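These are the structures in question, set out in turn.
Shared between the two complexes below is subunit A, which has subunit B as its partner in the first and subunit C in the second.
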Partner chain A sequence: MIYSYYPGCTLKDRAKQLDLNARTALKAMGIELKELDAWQCCGAVYPQTSDEIASRLSAVRALSDAENGKLITLCSACHHVIKRTNYDWLKDENFRTKATNYLKPEVPYDGSTQVIHVLELIRDEIGFENLKKMVVNPLTGRKIGAFYGCMVLRPGKTLAFDDPENPTIIEQFIEALGATAVTYPYRNECCGAYVALEDKSAAETQVDRALNSAVKAGCEELITACPLCLYNLVHNATANKLPVKYFTELLAEALGVKEGE
Partner chain B sequence: MNNRVKTLTETALLISGVNPKKCMKCGKCSGTCPSYDKMEYHPHQFVSMVEKGQIEKLMNSASIYYCLSCMACVERCPRGVEPGKLVEAVRLMKIRQQDANHKNGNDIARIADENVPQQLLMAAMRKYRK
Partner chain C sequence: MQKIGVFVCWCGSNIAGTVDVEAVAEALKSVPGVVYSVSYQYMCSAAGQKLITDAINEYKLDGIVVASCSPRMHENTFRKTAEAAGLNPYMVEIANIREQCSWIHKDKEEGTKKAIVLAKAAVAKLKNDKPLKAGTSQVTKRALVIGGGIAGIQTALDVADAGYEVDIVEQRPTIGGRMAQLDKTFPTLDCSACILTPKMVEASQNEKINIISYAKVEKVSGFVGSFKATIRKKARFVDETKCTGCSLCMQKCPSKKGKDEFNMNMNNRPAIYIPFAQAIPNVAVIDPEQCIKLKTGKCGLCEKVCAAGAINYKMEDELIEREYGAIVVATGFKPIDPSPLNEYGYAENADVVTSLELERLMNAAGPTKGTLLRPSDGKHPHEIVFIQCVGSRCDENTERGKPYCSKICCMYTAKHAMLIRDKYPDTNVHVFYIDVRTPGKNFDEFYRRAVEQYGVDYIKGMVGKVAKEGDKLMVRGSDLINNQQVEIAADLVVLATAIEPDPSARSIGTMLTASMDTNDFFTEAHAKLRPVESPTAGIFLSGVAQGPKDVPETVAQASAAASKVIGLLAKDHLVTNPCVAESNELMCNGCSQCEKVCPYGAITYIEKEVRGPGVREVRRIAQVNPAVCQGCGACTVACPSGAMDLKGFSNKQIMAEVDQICL
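Our next item is the complex of A and B:
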């Protein structure tokens, strides 16, 4: 199966491991990610007011360029921006009209693209049971915690990724790879996001609280889908520290196709 | 309300889509807000202050730069008020004014270290300047 794919700018640079390991691991599972020809940065944050039109256009372009009605995303932030913009497209006629007037497309976007995160692709199109059967290096004995953060989960009504207060999708993923999934209370709270630039201490407070909660519960390593979560968890931890990896690195490892190894 | 206050209030309500009258003042939004300690005005206060037309006070408070857009208050408000959207609206109303960038591109580049992901730079550009 071939799917249209939106990597986003961070995955071309700081978060190369997130992208490269997704491509090779999915390939090993019979899925090819076909990068959109001419995508632009999604803007990283979803503009929450109804009069922000221009800042949502790159998401609309990506949505209308997707082939076969599906667009695969991987960075949590890109997923958030593109999925919410798609929701706006369907619900907000004013946005639809203004965005169409700006873009003047040959064929206007019809709103039919489904935005699918790689984790959803694995859950819904492959299935964790099938994933389990494809594992060649089971991660037996490793105690791994999921750090969900915010962007893939909230608002739950729009993202519809998992139960926003008690998500289990990444834990199921971890278990399918043969490791032990450890749940902890702060896995779906914010890491401090961009406020790390405004005031480092704000991010440090958030990160220390999350890591304290993870260590207490018995996590020995964490995985995430968000480059900004990874940055904060690694570089703004002042007390407990844990190794943090992208979930695709773990996937590639378990499937025996990890890049650079 | 004088005319300026009236216009500002109407703008905040219009672009955020928030209806402060739905708020039952339970404080759950502020209770769940990760930036609570850093904010002079807390999420539930944004709701009541906008209702009272105190937009300029909010526009001039550092609180608007501490909101993480984490959507915790949006998700957890039992009345669907979504206070985070008001914080966003007030911040945009501030930085859309002439020469009102909170940080410019150079400031952001200067603070960033070599590990900072593009996502963080882009987010800061979008949140702190126009």
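Our next item is the complex of A and C:
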């Protein structure tokens, strides 16, 4: 199967491991990610004002360019912006009209593209049961916690990713790879995000709370789908520290196709 | 030519503010047939009615049009006025120029134009009106009360006190309802059981009251004064007339895994059980899901130990058919399941409990015998957080929780907080709230006592997360007054969950054709002036079935509903609505369409000799029972041959109105 794929800027630079391992691991599972021909930065932050059109145009272009009605995303922030823009496209006529007038496309976007995160792709198109069968190096005995962050979960109704208060998709993923999933209450909290640039202590509070809780619950390592979460978890932890990886690294490892460290 | 009078009401400024009432009265003067037209400030007042009476007498009027408020408001008033002046009361037409005109328009010119059209349409209809005579129907002097909580009990006691028979149908094995589960009641802190159980006993001992417990109303037909109900009395496998309530069977029963519903499922009960010590009837019941004998055929221990020989494993459901003059809906409420509001972690943490669960934890007959111990480890909690408005006052778009205020939570939370501080002074109590709403006699004083005398820590703000860390529950919320985030390490978290109508209410509402709002609370006939009656005649509302209420308010409303029931049962006959359907024998083609759509079963088909110009033969034709017909008009629409017509709203009358408006 070939799917249109939107990597996003961070995955070409700081979060190369997230991207490379996703491609090789999915290839091993019979899925090819076809990068969109021309994509731009997703805007990184979903605009907080409803009349802000320009910062959502890149997402509309990507949605419009996706083939076979499906667009695969990987970075939490890109997924968040593109999925919410897609939702706006269906619900907000004003946005639809203005964005179309601005882009002047030959064929206007019809709103039919589904935005699918790689985790959703694995859950819904492959299935965790099938994933379990594909594992070559089961991660038996490893105690792994998920750090969801907020971008993939909220707003719950729009993202429709998992239960925002009590998500289980990454835990199911961890279990499918043969490891032990450790659940802890702060796995769906904000990591401090960009506030870290302005107020480092805010990010430290968030990260420390999450890490302390994870360590207490018995986590020995964490995985995430978000480059920003990974950055904050690694760089703004002041007390407990845990190794943090992208979920795709873990996937590639279990499938025996991990790219060089 | 008929002589018609037109009376245009100002309704103070309600109509006159948007409609030039004098211009309306003036315009109607030129309508053929109208011999008198006038406007007046309050037509429904004594002076206004006198104006109508005098005009009827002076101008020898054949009919009148009152252009005023909705006919639901004052049609009856003006019919009585007309009747007193010697006119047939059905020669009165109301043009609704308030709800359907002045209230919904802003432009006076437009409003005036529309009011004139509406009044002219009423005149056009009136010209086709025929004098009608109301019949009478019998009143069965017995009331049915659905629900045996404090609301149903109070209504039944009051109705019985007036000398009428009452049946209480309760779905659970005992009456008592939610109030029986409460520990103490606000604002006086008297023990709930101490004030409720004597009332339960009184109801059971009253010879006019018949308690049908563990039963549900399955079918209701008929109409005000003569309802017919089918009641299914579920098999309790214990003969009510023999069981003495000795509870020996409960001690011997080997199956002890049933959830104790009375204690909010916090402990187990045997398969044969009496819900609580003061249950009425004080008779055991077997839970067929748990009973080993009923499931496998082996066991039978309870039968062996029962000295009264009350156990009967072969008992079957019993159907009771009975007639009633009035039906009271007292179906009550249940707390919502807070699991979907999962930021509070109710489903994951045993120590996050609902307020009703806390009631049981604090009650001497509860699972902890009245000592406040937390469910997870049985330890005494030292730091307790209450969260108010859990599922109440929610944004309708979020689709989680209720848009309304549940009304009782502020008071019961203050009660819980105070009782805990009083009994366990070493325990800190925090309450997160949006607003504290404590109107009511001695209510605000009660809440202030919690804050000022008992040192309960009230925090204005909501909670965003409850996370389990070790054996603590970390409660994170906002303190809006200090403008900061707060985090409390709690031992126990209590959710003041919203209340919602009992799940049985919806099907009962459908069965009774009693209207409900979007939250499944029963709608009252008038929000202000008829708060204990359903718009469906003969159906009355008691307690939380109508909307959230505390105990004193429920009792007041229950008695009010009883007084309405008594008013109805005191009558020997009811005047029936003469606006009923009628079938033209010559035009009826016997197709049965009307019979199929009639919701009241008022239409039957008979073989009858039909005579008319050039016709004399036996045909199968429709016949309407005027005592059963409610005049809904469904048959007149369904009838393909135009044979069916509704008196007072005949096809001719409706078409005259439409023509007047459209042509």
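Throughout what follows, the second predicted complex is superposed on the first by the 260 of 261 C-alpha atoms of A that agree within 3 Å, B and C clash if a C-alpha of one lies under 4 Å from a C-alpha of the other, contacts with A are read in each partner's own complex, and residues count from 1 in each chain.
FYI, a residue touches a chain if its C-beta (ideal position, glycine included) is under 8 Å from a C-beta of that chain, and two chains touch if they have at least 3 such contacts.
Every value quoted in this text rests on a predicted model; they were computed, and no experiment measured them.
Colleague: Taking subunit A as the common reference, can subunit B and subunit C both be placed on it without clashing, or not? Answer clash or fit.
Modeller: With subunit A as the common anchor, subunit B and subunit C collide in the superposed model.
Colleague: Once the shared chain is lined up, is A:134 touching subunit B (first), subunit C (second), both, or neither of them?
Modeller: Touch partners of A:134: none, neither subunit B nor subunit C.
Colleague: Looking at the overlay, what does A:213 touch: subunit B (first), subunit C (second), both, or neither?
Modeller: In the superposition, A:213 contacts subunit C only.
Colleague: As a test of reading the superposition: which chain, subunit B or subunit C, is in touch with more residues of subunit A?
Modeller: B
Colleague: Between subunit B (first) and subunit C (second), which does A:126 come into contact with in this model arrangement: first, second, both, or neither?
Modeller: neither
Colleague: Determine, under the contact definition given at the top, whether A:185 touches first (subunit B), second (subunit C), both, or neither.
Modeller: second
Colleague: Using the touch definition from the top, say if A:195 reaches subunit B (first), subunit C (second), both or neither.
Modeller: A:195 sits against subunit B, while subunit C stays out of touch.
Colleague: With both complexes overlaid on chain A, does A:51 touch subunit B (first), subunit C (second), both or neither?
Modeller: In the superposition, A:51 touches subunit B alone.
Colleague: Could you tell me if A:77 is touching subunit B, subunit C, both of them or neither one (first, second, both, neither)?
Modeller: first
Colleague: Subunit C has the stretches 439-447, 457-465 or 655-663; which one runs into subunit B?
Modeller: 457-465
Colleague: Overlap of the subunit B and subunit C footprints on subunit A, residue-wise?
Modeller: Touching subunit B and subunit C on subunit A: residues 165, 189.
Colleague: Which residues of subunit C touch subunit A in their complex?
Modeller: Contacts found on subunit C: 342-343, 345, 347-348, 398-399, 465, 467-470, 474.
Colleague: Using the touch definition from the top, list the residues of subunit A that touch subunit B in their complex.
Modeller: Residue list for subunit A touching subunit B: 8-10, 13-15, 41, 43-52, 55, 75, 77, 150, 153-156, 164-165, 189-190, 192-199, 202, 205-206, 226-228, 230-231, 234-235.
Colleague: Which residues of subunit A touch subunit C once you look at their complex with the stated criterion?
Modeller: Those in contact with subunit C are residues 157, 163, 165-166, 185-186, 189, 213, 216.
Colleague: Report the residues of subunit B in contact with subunit A in the complex, numbered from low to high.
Modeller: 14-17, 34-35, 37-38, 65-66, 68-72, 74-75, 84-85, 88-89, 92, 103, 108, 111-113, 115-120, 122-124, 126-128
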